[in-house]
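Each of the next two complexes has chain A plus one other chain: chain B in the first, chain C in the second.
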Partner chain A sequence: MSNNVKAKREPLFHIVKREDLKIGYKIMIYAIAIVVSLFLGGIMSSLASKGDPFSFFVSLIDGCFGSSRKLWVFLQQMALILSVSMALVPAFKMKFWNLGGNGQILIGGLAAIACMFYMGGKADDGVIVLVAVIASALAGAIWALIPALCKAFFNTNESLLTLMLNYIASGLVTFFLAVWVKSGSGVLEPIKYGNLPELGNPYILIILFGALITALMFVYLRYSKHGYELSVVGDSPNTARYIGVNVKMVVIRTMILSGAICGLVGLLLTSGMSHTIGVKTAQNMGFTAIMTTWLGNCNPLMIIATSSLVTFVTKGMEQVRMDFGLTNDSIANLIIGLVYFFIIACAFFIQYKVVFNIKLKKAVKATADNTVVASTEETSTEIEENEEEVK
Partner chain B sequence: MSNVALELKNITKTFGSVIANKNVNLVLEKGEILSLLGENGSGKTTLMNMISGIYYPDEGEIYIDGKLTHITSPQDAFNYKIGMIHQHFKLVDVFSAADNILLGEKMPTYSIRENAKKLLETLPQESLIKEVKKGEKVSKTLDFKVLGDYALTYLKICALPFIKLGKFVQFDFLANNRAKKLQEVADKYGFEIDLNKKIYDMSVSEKQTVEIIKVLYRGAEILILDEPTAVLTPQEIKKLFDVLRKMREGGKSIIIITHKLNEVMEISDKVTILRKGEYIGTVETKDTSEKELTEMMVGKKIDLKIERTITDFDKPLLEIRNLSINGDDGSSKIEDVSFYIRGGEILGVAGIAGCGQKELCEAIAGLRKIENGAICHKGDSIVGLPAKAIIDKGISMSFIPEDRLGMGLAPNFSITDNMMLKTYNDNKGPFVDRKTARKNAEALIKKLEIVTPSTETPVRRLSGGNVQKVLVGREIEAGPNVIITAYPVRGLDINSSYAIYNILNEQKSKGTGILFIGEDLDVMLALCDKIMVLCHGKNMGIVHAGKVTKEQLGLMMTGSLDLTEVNAEKNYGIAKDSHLTEEQWEEEKEKTEGKGENEDE
Partner chain C sequence: MVQLLQSAIRFSAVFLFGCTGEILTEKSGHLNLGIPGIMCGGTAGGCLGVALYMASLSDPSKPDYFALVMIGILMAFLFASILGGIYALLTVSLKCNQNITGLALTTFGTGFAQFIMDNFVERGNFSVASTYIAQGFPFAQKLGWFGDIFFSHGILVYLAIIIALVVSFFLKRSKIGLGLRAVGENPGAADAVGIKVDKYKYISILVGSGIAGLGGFFYVMDYAQGMYDSYATIEAFGWLAIALVIFTLWRPNLAIIGSIVFGILYVLPYFVGGDSSTRSALIKLIPYVVTVLVLLVISITGSKKAQPPSALGLTYFREER
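So, the complex of A and B:
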């Protein structure tokens, strides 16, 4: 029957799905991936300059925790990314891909700066702050509401719309800078009026905000009816309709919330930190947060871990650049990308394991030198490492 | 040569912690029909997927024609002449049947290099110059014969590309030849099918036929059919079985996966039984009985009779008059259908797939706009009410789609979270009440014997039967007075199916009206009080389940028998003791016209 068929050899390995991976193993796999990627990063940096991989690690840690100021900055940066992630979580849980974090932050910051610019000197700082808080939240909410309405009523593609609104937001910022700055330099001098109060030092307010938002969002998603509704909409829109959830309402409501938080982050970045605004004010946090949210599996607790990792790598790399005398930031970006890539690649090893079909060889080997044959768990980790090294 | 076409030895396959197959053995002889029997989740489909190259076994060996083989891809399976007909057809809708069958067929390879090499080998070995003796004088001349041979060979080599082109043309442009060959295959096994028809014009049964011809045309010797009868009418099943018998006579080996015992008894020579992934045994069909098979399958004795509880009928609970609904694409899905359900009555709805059952369910549950007609619950119109209001009236709808998770459950949610889908908004305050839901979930798991690691397991991880128990159980916990349930036993094993039938009967005796949309006519005949048959959205008549035969239902499903026309004077689907007078009905119908659209749509 099969004369013309080439006899197939048994394949070398096959891939098997697994479901019962213990949390310890998961953490181990992630830890290995991070360490290996950083190690590779160290080698790369030392190739590009005169340093060695060990001092790379030292610089990395020094950049984040080297002094109390560095620690504060680290926490502040982490709180900012965490807050933006918290803004994205409800939208992502609803399977509404809000890629417009940047634009919402910018527009919130713009609103805050506008309040400071026009009311500065004419009203009490307290009043200005109050108005700025409301204005920035509102501005962010409106910026998110536009794609939400289009999605709800015309079923447009939300990723495209939110993405495009980013450009409109940065365009608006440029426009207002041109209007406000008479000299034409396009750089707004820091405004002295209506700045957010400093609680002891300039970092604490933002850190507190991040912690508060994370806690609130955790409760909102886990225990509130709204959180329940939006998960139903995300998981099965048909079921949501069937149980009488007003899907359009939920989409609009959630996006307003998402945009408002982004807007508040804009306020923090402007009247809380720089007291001015530029097109780069958002620091691309809208996109970084997409990654932290996604890697954190839309779970606020896991996002704390992912955003601290991302901040660690970014802040640490800044120090490395300085210490190693790397003149351009492409190597830094390369290493950050490497870490992200390794973490994403981990998902494969968490969901699947690779089983080798080497029973015969195994038996021979076992009798030959009495080596303990690696269990599948260990085998898969080994492969992971190999694979990663290949990459 | 041995007579064994396919042999599986100690096949084991696991998915994570789930053992799908454990040491399964199977022997398939040539010219034999083997039934693979087992409850849901017993690993039948996994096993077949390993034979057809979709999965690769963790352990064990597959022998084809007595030779150890490794099937690593569907292409391998095809090379070994194994053809699988899946439950969900894989056809291109806008192509004709013939195009679908010929799709992906490769042109026989024709290598110019190989042929040229062969030709070069035929070149003469002799020298081109030959010596001619003329007396003492030796003169050299060209050997024209050898030269001719040379020239001819080179000419032939030059012609090879043209031959290839010719073959290509023959393959691609003379498709008629292949169509003829197809027709031969079709005729040989007695398929009645027009191969030039487009797939989108075809009925389910015709599509299946196309799939079978496709596999046969490609030269399959071993055919695997995964639940082929689930979507067919009794007449179509009979035809299919005739074809299968013809194939058996032609020496093909067939494995058929099915749940229906009567079909196993009718068609197969041998039955192999799996239970929870384990191989239980193989028996000759002629030496066994349905009862014995069930016992082997379930592992314990079970009563196969479905009880039909007799209850006193109440006034009509749900009345539907002259209902017309459009589908998503704007085509008419339900046309002028009238029926009513009394309390304590199960009304079955029979019809081939896509005859408007889904749209009917959605319209009643308030999820779909209706074009015309009236839907009244205890005399109050429910057209245009939001879904939540309809649920509050006590109308429960559970539609089990083919993937089993679509409507009514959130697949990534835990059982607890799924339990409170309908009730989460009932308590005061901004927070959901998970405690009560967890208690309900625990009670339900206990009551319906749902197999799950915990109440917090996502429902998509549960097996089909348990998912359905969660859904049906939750619907009944809410204490509805009308239950609309579509395919509640879709893909369920015997045990779970009977659990569901029992639940429905229990509800019925409590005075609930039940609309049961089903697939298996035997079950419907046994369970329902009355059966309404739909064909392309038209009502073919409503009959008492005790007074109709399966064959009649089959004819009605395909539209060959229209009782509403035969007995035109009988007002089908109009209750004599309606809540509303005829005038009120007219009013209701007028209200619907032009309105209809649900706010939440």
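So, the complex of A and C:
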């Protein structure tokens, strides 16, 4: 026995799951991560353009809040990301990896543009808008229904399936552009008919939509029976079955909701903003929203924070690019990626803690010939370490 | 027809590198959605290596073939592995969510690659370097169409096939490969029989990423003849490579054929004349549609031989059983 203890080398540290951490500490960990990552980003930008890191931060803030127009654009962008995140929240809470936000947005936008293209000039604008709203929500819902049905009945891997559907959606957009644009350039001129109405300025409608969806989703998840059911399905499908929840039904229902919201975002992006469509119309929001939703811990209130952070960095970086004379969005992607990494890593420090075994090692060495003592020592040092951690 | 097959086989190497790398990674139970970013990173690394090497020569029109290829491959592998290392650190050691980390890595990797390409890579000598890297066997022309199809490609195409075969053999026939598959199927059980789960995961992610990175390097230096416009092209290949992993049922030897099929589908629009814009749009859809169908069929039939590794996407924490 004693030989065994000697021969086995103790690792330097081991990892323990943490009990609930105080909210103050959590915020502190996140704040440190964000500041450090942005600081690194500042250094990189200044390396690329020979500017100084301080003006990086000035540009970053200026890009979002520098003028009233920039502020409106910031809020609009944030509302869009927030809406897509809200579409993903119920799916993610159900542990359904909907990576298909991009595709659902695109297909919704495509449906809206199709309505505008075929009905434009022939029907009243109000009618077109109404049909486009229904069509885009329906299209998004169908695009999400496909993986939902496959998951429910055949247990297909939904993350791979939704990922593929993204590209099929963008392929369909290319196809329809080729059909619609006779010149073959693949660029559709903005359509004048059936645009969404502007409320005062072009931004308010989208911002209101974002706020409304967030509020509704918050209530839906927290106070409705549906919201409760889907979180049970996410935590343990067996428990859900035991208490009489129809798991397949919940999966399908939730994904229809998720897809429909994404489809509506597609409507906003096309009929409400660009009045045309291209493969990049979704602006990769499906993926961005995956990040904001996950980093926001699937909690609508926290997602407001994460999506404003991501929007802040994205919009701010556009300004940095202009001010620093950078030619493309490479540095923006680089820095956003960096911010993601740091925030992702935060989850580890919140969920787990590292317990160092240095003390333990000594204890084991000293009592190597007495295993019983060593083992009790081990537990006691661990408790000591735990107490230190808590303090 | 010969031309179609020739460019399809040549092109297939892009997918084959990416796919083999991703298969190796997925066999350890890690769904690495960062492959597109990693392929971009590999491109940047390889191009940086080539650019530095070409700049160091007194006469850049006559580089040494062996040194050029080796530097490119090593640098591509190294850069891609570094990006893979970030992923491994976050998902294996820090137990972060794999999908999220992968997507973040794609964002980061594309930005990183473009950053390197714009600021540090002098692309002046790339067309010269590319003719060297893409040169086929000297006897290819004597063999007519047969030579054109099979022997006219650059060294990297053959490297891709060799790597795929080696990985296939390694996974199926070697003891370490068996261990690796065990880690992907049931890390708890693998740990219990004394396999060092984290070490296996790290190595498979690092090597897999490195292999995938060669795909991007190959595309720019061989297929595109030294032209590089933006990361977006290579990113798209990365997603196709992930699709190909499903299409080939997680088998690197099937991936050789699968990547040629994808290669044919990719180059087909350029060979089909007539009213091409609608038709080429439809042809470009086929790889994804076929992948979806394969995914459906394997999940419906539930065939045990064709399933993803069962611990794919799950984080392994030793103290939680």
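Just so it is clear, the second predicted complex is superposed on the first by the 332 of 391 C-alpha atoms of A that agree within 3 Å, B and C clash if a C-alpha of one lies under 4 Å from a C-alpha of the other, contacts with A are read in each partner's own complex, and residues count from 1 in each chain.
One rule holds in what follows: a residue touches a chain if its C-beta (ideal position, glycine included) is under 8 Å from a C-beta of that chain, and two chains touch if they have at least 3 such contacts.
This one's a predicted model, so the numbers in the text were calculated from it and none came from an experiment.
When the two complexes are overlaid on their common chain A, residue A:M291 makes contact with chain C while staying clear of chain B.
Once chain A of one complex is fitted onto chain A of the other, the partner contacts of A:V89 are absent, as it touches neither chain B nor chain C.
Among chain B and chain C, the chain that touches a larger number of residues in chain A is C.
By the document's definition of touching, of the two partners only chain C reaches A:N155; chain B does not. Using the contact criterion defined above for the overlaid structures, shared-chain residue A:V313 touches neither chain B nor chain C, since it reaches no partner.
Once the two complexes are overlaid on the shared chain, A:D235 sits against chain B while remaining clear of chain C. After overlaying the two complexes on the shared chain, residue contacts for A:K225 are found with chain B alone; chain C is out of touch.
Using the contact criterion defined above for the overlaid structures, shared-chain residue A:V16 touches chain B and also reaches chain C. When both complexes are overlaid on chain A, the residue A:I243 reaches chain B alone and has no touch with chain C.
The contact surfaces that chain B and chain C form on chain A in the two complexes overlap at residues 14, 16-17.
Chain C meets chain A in the complex at residues 31, 33, 37, 86, 90, 94-97, 99-101, 103-115, 117-119, 230-231, 239, 242-243, 246, 277-278, 281-282, 284-285, 288-289, 291-292, 295-296, 299-300, 308, 312-313, 317, 319-320.
In the complex of the two chains, the chain B residues touching chain A come out as 14-18, 56, 58, 64-65, 67, 69-72, 76, 79-81, 221, 365, 367, 386-389, 391, 397, 405-413, 417, 420-422, 424-425, 430-432, 434, 461, 600.
Interface residues of chain A facing chain B in the complex, by the touch rule stated above, are 1-2, 5, 7-11, 14, 16-20, 223-229, 231-232, 235-236, 238-239, 241-244, 246-247, 355. The touching residues of chain A, when paired with chain C in their complex, are 14-17, 44, 48, 97, 99, 150, 154-157, 159-161, 163-165, 167-168, 171-172, 174-175, 177-179, 184, 186, 287, 290-291, 294-295, 327-338, 340-341, 344-345, 347-348, 351-352.
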